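First chain A sits with chain B, and in the next complex the same chain sits with chain C.
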Partner chain A sequence: MVNKKRILVVCGTAIATSTVVAKKVEELLSKRGIAVETRQCKAAEIRSNLNGVDLIVATTPIPKDINVPSVRGLAFLTGVGEDDAVKEILQKLGMEQ
Partner chain B sequence: MDFAELAKEELIFPSVEFEDNVGVIRFLASKLIDEGVVKADFADAVVEREKGFPTGLQVGEINVAIPHTDAKHVNAAGMAVATLKRPVNFGKMDEPEKKIPVHVVFLLAVLDPQGYIKFLSKLARKFGDASFMSSIYNASTAKEIARILKENLSEPE
Partner chain C sequence: MSINDIVNALGVTVLLPIVIFVLALFFRIPAQRAFRSAVVIGIGFIGINLILGFFLNNLAPAAEKMVEAAGVNLPILDVGWPAAAAIAFAGRIGLFIIPVVVLVNVIMYVLRLTDTVNVDVWNYWHFAFTGGLVHAMTGNVWLGITVAALNAMIVLVLGDWTAPAVQQYYKLPGISLPHGFSAAAVPIAIPINWALDKMHLDRIQADPEAISKKWGFLGDPVIIGLILGFVVGILGNLQTLNTANAWFNVLKLGVAMAGVMYIFPKMVAILMDGLIPISEGVRDFMKTRASQRKFYIGLDSAIAVGDPAAIASAMILVPIAIVLMILIPQNRILLAVDLAVLPFMVVMTIPITRGNILKTVIIGTIIIAVGLMVGTHMAPLFTEAARAAQFEMPSGATMISSICDGSNLLTWVMVQLMRLSWFGALVLFLIGLGLAYLFRRNRKTWERAAGALEEAEEAE
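Right after this comes the complex of A and B.
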């Protein structure tokens, strides 16, 4: 058993969008046999939430100097481009299948 | 929560016209306030949030925006919908400095995020469906839009 990867899901105010995206990311990865732990935060609070995070999935822009890999997350809200976004997550987690 | 219940005919406004995104947000917010769905400070809170964190989604020919704000401004889960005769510009959620023309606005009253999330998840999935979006945008009556929303949102998981 590999350690669960930790994904930080970021949106503007952590009210609605990030919850939808977090659930979707968990569901799609679990379909591929990968269990992840997601956590949500507001874009403004990203720096204080990076501890132990393997990947960021964000629906808003994130600061360029954050040195954790990130994937754009809107695909997980609308479903448009979702397969590519999943592939990008796997690639950035080093778990290409 | 019955998702179909959120698509209320009296809160759907087809082919309306506004100067800008603030105009359409304030109009829809006033309808939610009149219905008691949200509190009086809801409109200001949504407009303010939209400035910092815009909610425009570029999904195809017909784009959408999903303005919303914190639950503390909300009395009950709800939604008001407008289709715009002339699209108005919204900032893009993923690139806030970029503006996109938006044709359909879903103003969301989110009370309990957990319950609402399933609804929003289902609704947002439909945004990428060009035939769904054009059927909403081309519908001429609130009744027709409510029917399309109900059909699409109440189908089983």
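Right after this comes the complex of A and C.
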């Protein structure tokens, strides 16, 4: 087993929407047999939480100068386009199936 | 044993899980998943109650000492949104809130009174909160449920009204933000913004990215809690600051408050976790019923508060709020937990001011100043609602409130009207209906007032 990929889930509070998105991402990826580690933070705290992070999934705007790949997490809240969002996550993690 | 006795004996940690479990089955959640999430919701309440007790036990004596030592009399403690949400869901109205709001939303959609499908089940608590205050005031559950439904109705219209502006400014296609707290600022922000434009303040621009990059740490809840604890501690020990013991107390209070700021929301996250399956059930239920025409998906305004302008404005508002707290003579609220969520207050003002920090801060200052008075006035009801939901409140003069929902002007107006009982409910219903009707007749004009661009501008 390779190292688990680390995903930082970002929203405005680090509580409300990011909890939903983090659980959803874990669930959808584990269905595809991929275990990931998620961590949640607020948009304002991104910079101090980037250590070891492979990907950011954000439900809220994030600063433009962050150099970790990021995916918009809105689909996991609306339920529209979840599959595409999962594909984008896999692609940006370099784990295309 | 009456039903009331059973309800009181079981308490929220058992009762709400049972209600949520039954509801989850209704919304076609598999039993096993429904069961686990229902239990997790009970656990969330246990966590919130623990931290609330810790918070009150630390801050209440410190606030009392502040009166003696410094003459600063702020006996109403700001327990913040985590406690407000828990009180709302744990109260009698909270048990009914999910089906009530879903019903209001579906009816309004079918009657073409709203275009929003509010799938943000978590934030139904704002409506349950208003209901809880009215229940505490009147002792009548039906009045409480009615006002919660009316609150949901009015906020749905506010969500429609602001949707194009929010979609354009935050680049959130198809989304609206029918959020009980954030949206309530819109009717206040629009006229003030208009007046500020007349004064040409829209010409003064500050760079939000630069501000939030440089001062961002001041918006960190841990730092806010630490500073707050120090300030309250120093004021409470003003006469004994030459002793080492006084400083030990100051430092301990600082770390205790930082701890509350850090841990409290994490307890709410447990509650959120438990609500996920039912949220998804409600979402699918409503989406399949809203197939006849296009709709906005109503989400939590948390998806926009990461905006640099929101973060920067809220950060500037933290010290302003603390100064207002001391300067406004009518105020009795000691600001604490909700200082960390001021971005929610300004997030829907920002499309109106088009991201102008100065205008947003002025509008936010006015909302906080009014809010402190409103919150002071509503604190007895807030405290009573907390007691009714079986949260342990300190004895003596201490009361609780919060600068977000406890000081929400829309909530206050609704509660005041409900003093007229059913007649007040009728007035609110007509206000909601009138708002929906006027908005739909003058749609483009209203949407532009909320910050939407002209189509020509948009195309650029």
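One rule holds for everything that comes next: the second predicted complex is superposed on the first by the 97 of 97 C-alpha atoms of A that agree within 3 Å, B and C clash if a C-alpha of one lies under 4 Å from a C-alpha of the other, contacts with A are read in each partner's own complex, and residues count from 1 in each chain.
Note that in this section contacts are C-beta pairs under 8 Å (C-beta built on N, C-alpha and C of every residue); 3 or more make two chains touch, one makes a residue touch a chain.
Keep in mind that this is a model prediction, so the values were computed, not measured.
Colleague: Both complexes share chain A, so when I overlay them there, do chain B and chain C fit or clash?
Modeller: With chain A as the common anchor, chain B and chain C collide in the superposed model.
Colleague: Hey, is it chain B or chain C that touches more of chain A?
Modeller: C
Colleague: Taking the superposition on A as described, I'd like to know which of chain B and chain C A:60 touches: first, second, both or neither.
Modeller: A:60 contacts both chain B and chain C.
Colleague: So, A:80: does it touch chain B (first), chain C (second), both, or neither?
Modeller: both
Colleague: Could you say whether A:51 touches chain B, chain C, both of them, or neither, answering first, second, both or neither?
Modeller: Neither partner.
Colleague: A:10 contacts which: chain B (first), chain C (second), both, neither?
Modeller: The second partner, chain C, only.
Colleague: Between the stretches 220-228, 238-246, 256-264 or 274-282, which region of chain C is in steric conflict with chain B after the superposition?
Modeller: It is 274-282; the other listed stretches have no clashes.
Colleague: Do any residues of chain A touch both chain B and chain C, and if so, which are they?
Modeller: Looking at chain A, the two contact sets intersect at 11-13, 15-17, 19-20, 23-24, 43, 59-61, 74, 77-80.
Colleague: Quick one: which bits of chain A touch chain B in the complex? Just the residue numbers, please.
Modeller: Its residues touching chain B are 11-13, 15-17, 19-20, 23-24, 43, 59-61, 72, 74, 77-80.
Colleague: If we count contacts the way the header does, which residues on chain A are in touch with chain C in the complex?
Modeller: Of all residues in chain A, those touching chain C are 10-20, 23-24, 40, 42-45, 47, 58-63, 74, 77-80.
Colleague: State the interface residues of chain B toward chain A in the complex, per the touch definition above.
Modeller: Chain B reaches chain A through residues 49, 52-53, 55, 57, 59-60, 66, 68-71, 93-96, 108, 110, 113-114, 116-117, 120-121, 124-125, 127-128.
Colleague: Please name which positions on chain C make contact with chain A in the complex.
Modeller: Spelled out, the residues of chain C in touch with chain A are 119, 122-123, 170-172, 174-175, 209, 212-213, 216, 219-220, 265-266, 268-269, 272-273, 276, 279-280, 283-284, 287, 297, 299-308, 310-311, 341, 343-344, 347.
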